[in-house]
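Across the two complexes that follow, chain A remains constant while its partner is chain B and subsequently chain C.
Up next, the complex of A and B:
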């Protein structure tokens, strides 16, 4: 396997993406806005005291960390996988002496670099307005690192296997829209999980969507105790492995099925 | 009269084009349902935690959601696709094909505003009306004729304001053709999902007088629940007329600046 070629591709992609920063900043702004809307709604709702033990400052802390975590874990790449399969771009990748996964990974990493250039300063500025507050402990920070890596991997591979269904169905992208909706509802965007009604809370804890976005934030901002964090990590690991296996399965079958159109 | 005949022809041609992609029916249907479900579920989650926020309870917030969905459907029906085809990504200004549009013997603002229709958005429109009906049912208040009249008038004003904002942002493309101004206003329009009173003071002012997405939905919803004073009604109408004139002026200034994209 040619890893050096993969690394060169990654570097190239992010440098070329930086030339189009305006466009990517716009995308980042669009993802940030709904989260800020719900931060303000919940702040207004908590203006007389607190909601389920969450004060305005704690809500601000939760949502501002979520803005960053959401952009770090959002897999933009998956939206173009379907087009690449339909347009036959993937034929070229298949004959290159490295895994086509590198093409997805390169735009993933390029995306993170460009989005963070926008989001970190903007979030820092928003922190001055919303005055977030949370206690940071060593234990929380240590658990945060594996949980955000797993969250990224889970969200990426989950979207990737869905997108790869484009080998069979032309409009598989709409499944990605469904995934985004589920993350909005059950992944802590609409509300921190503990503010959801009971039935939604139980769903959130079982299904993979919370583990793609809210879970690392809950760990870092101290919403969870040690036991809850560790069980959560185990569930997250389970879903990530499932997503990876599904990706392998769909990929090997898909490539066998694939036949380029046109010439 | 000729304008109406042209709109009918545009509508017919767009519909015929859309009929060719029958798989889209299912996708549009799915999107509309997802949109409705997230909207209603969001309100359920919020008002499961609190009775009311700053004077807005579940029924009045539901009425506002209905107005929002209605305006969003109108935007998707023709304003959005028409302006997007000129000023959006890969639009006529980028491609240089705007020359052909300019050559048509019709008023340019009329042409760029009504040319493309997405007939399937009529389904979203029906769902939005359903939400409005449900909200009125929840309110259980006797709707006075005055309230209904006020609602209809302010709703038309809201739609006109949305149109003016979209036209103005699209016109900016003449000054900087590389930037997707229409995306910004589409992102900001999401703030209209909730009453403008729920946002912090500085943002409330911006959303009322500078980028009036707040006025578009909050005012009609207030009119329906009979909470709108006649002073505000007149102010909104005057502001709408001003915004329409201003946006039209900006668009004509932009047209003067237009130079074709080809060399």
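Up next, the complex of A and C:
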């Protein structure tokens, strides 16, 4: 463990990312847009009262929180991991006395800060227009914290182990696109999970994708009761541990297989 | 004699390379029945290096130089054999080991291109856990030696190739490694910058007793820095010894340059009495003779007493010509 080096790296990455903030702001805007479109569609559908018990205000609350949660949990870094392996860039990290995981984590953390600089003010402004409604209890807000941390860790490590398959297959990042699609369908983007057909709801509750994005939102917006929240957290913890173990496994084998191309 | 700092025994690396014919149909066939070919990059290499020694690793492109360095720096797992560097097995990649070695590559950057070098240096000093006062001292020393005060605050992407190489060297030496692997450090640099870096490396090596393995295609680098060279060809170590010895072995002749007060009437006729002498076309008034080493004293004495000599010099053939010959023939 080399936390001091890791922290210095985060500060530096942040500095270098801020140089390109225009690019990241546009990226953040791009991610926001589809969710806002779904918000408007479902709001229109709920205009005559409510939809499966969700009022327009509740839907607005759900989607606006989802905008932020989605950006906090989306692991942009994983898209570059495959390239770094394929082009041999990872070599320079492998010869440093610090786990290369820190490089991924530093751009993750740096990225979140840059995205939030844009997304928080924009979402606050949208809240003035859509007037979301929250029934927050302190228990919910308390459970929200572990759930969003786990959601990030799960989404990150799941994508990371998939991206590390680049040690064997040069275009492993297509698996990341598949992960995004699954999150779109079963992670509460296309629609809040409770609006999905029953069989999809059951699938969403078992598979990891809901726990990467919609789950913390459902807790914070009061969609779930206490029991549902606690069961969900347990499943989330289980998937996160699995993702971490898969990362360890793929990493140790991948490094042995690494061919350090170029130079 | 000091204990070796690097010991390499029977080191071997075989790559498994996918192989397919060009064209779409071949790539579709490759999907179902991939073909592989084993390529021996490095075969059964043995050597030791003493602390503070600077050794040149030479050989044509694809000979296995970089693969060897990558195994020694822990980037690649070998297929066979063993190596100990500073008491560690490189490919275990222990943090204590990585802290002691440095790999500087002429074609790959350790710097973050968006920010000034000084920021990258600070991150590296934390990653390598260099104490603050030692970091400042080392940095000052390197900056003075490389004369690069002016570069420190510009983003790396705005630096020239030579300036960037200076930064790479600082990045590689900040934590005072015991062992330095230099892979083509002067690649693409102009002659003046190459010379500068050579002077720096020599000075640094003398002051800090760092052990260095250097690969380069510029023989000037190798002859200026390394008394000892190892020559790799097709993955095998075919020579390990003094550079001069290599030259002598390969080029058992010397070049004698002559200038005359008055042009001799029948020089070539005169030379026929020495069968080992070869007359090379004259260059701007100089006549050049290629003479077997053992015959040089006798032949020059004869020439001096019989011909109107104004100037005579005896030289070794240029090292480039010697190396070129080995690369072509593949043996010493």
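Quick notes
Heads up, the rule we're going with is that the second predicted complex is superposed on the first by the 263 of 263 C-alpha atoms of A that agree within 3 Å, B and C clash if a C-alpha of one lies under 4 Å from a C-alpha of the other, contacts with A are read in each partner's own complex, and residues count from 1 in each chain.
The rule is simple: a contact is a pair of C-beta atoms (placed from the backbone, for glycine too) under 8 Å apart; a residue touches a chain by one contact, two chains touch by 3 or more.
The structure presented is a predicted model; accordingly, all values stated were derived computationally and were not measured.
When the two complexes are overlaid on their common chain A, residue A:231 makes contact with neither chain B nor chain C.
Looking at the shared chain after the overlay, A:133 reaches neither chain B nor chain C.
By the document's definition of touching, neither partner reaches A:50: not chain B, not chain C. In the superposed model, A:252 makes contact with neither chain B nor chain C.
In the superposition on chain A, A:141 makes contact with neither chain B nor chain C. Once the two complexes are overlaid on the shared chain, A:184 sits against chain B while remaining clear of chain C. Using the contact criterion defined above for the overlaid structures, shared-chain residue A:29 touches chain B, although it does not reach chain C.
Contact with neither chain B nor chain C is seen for A:202 once the two complexes are overlaid on the shared chain. On the side of chain C, the complex with chain A involves touching residues 15, 66, 70, 73-77, 93, 95-99, 101, 103, 105, 107-110, 112, 114-115, 119-120, 122-123, 126-129, 183.
Taken in their complex, chain A has these residues touching chain B: 22-23, 26, 29-30, 33-34, 37, 40-42, 44-45, 47, 51-52, 129, 170-171, 174, 177-178, 181, 184-185, 190-191, 195-197, 200.
Listed in rising order, the residues of chain B touching chain A in the complex are 23, 27, 30-31, 34, 37-38, 41-42, 44-46, 48-50, 53-54, 178-180, 183-184, 186-188, 190-191, 193-194, 198-200, 203.
For chain A in complex with chain C, the touching residues are 2, 4-5, 7-9, 12-13, 15-16, 19-20, 88-89, 91-92, 94-98, 255-256, 258-260, 262-263.
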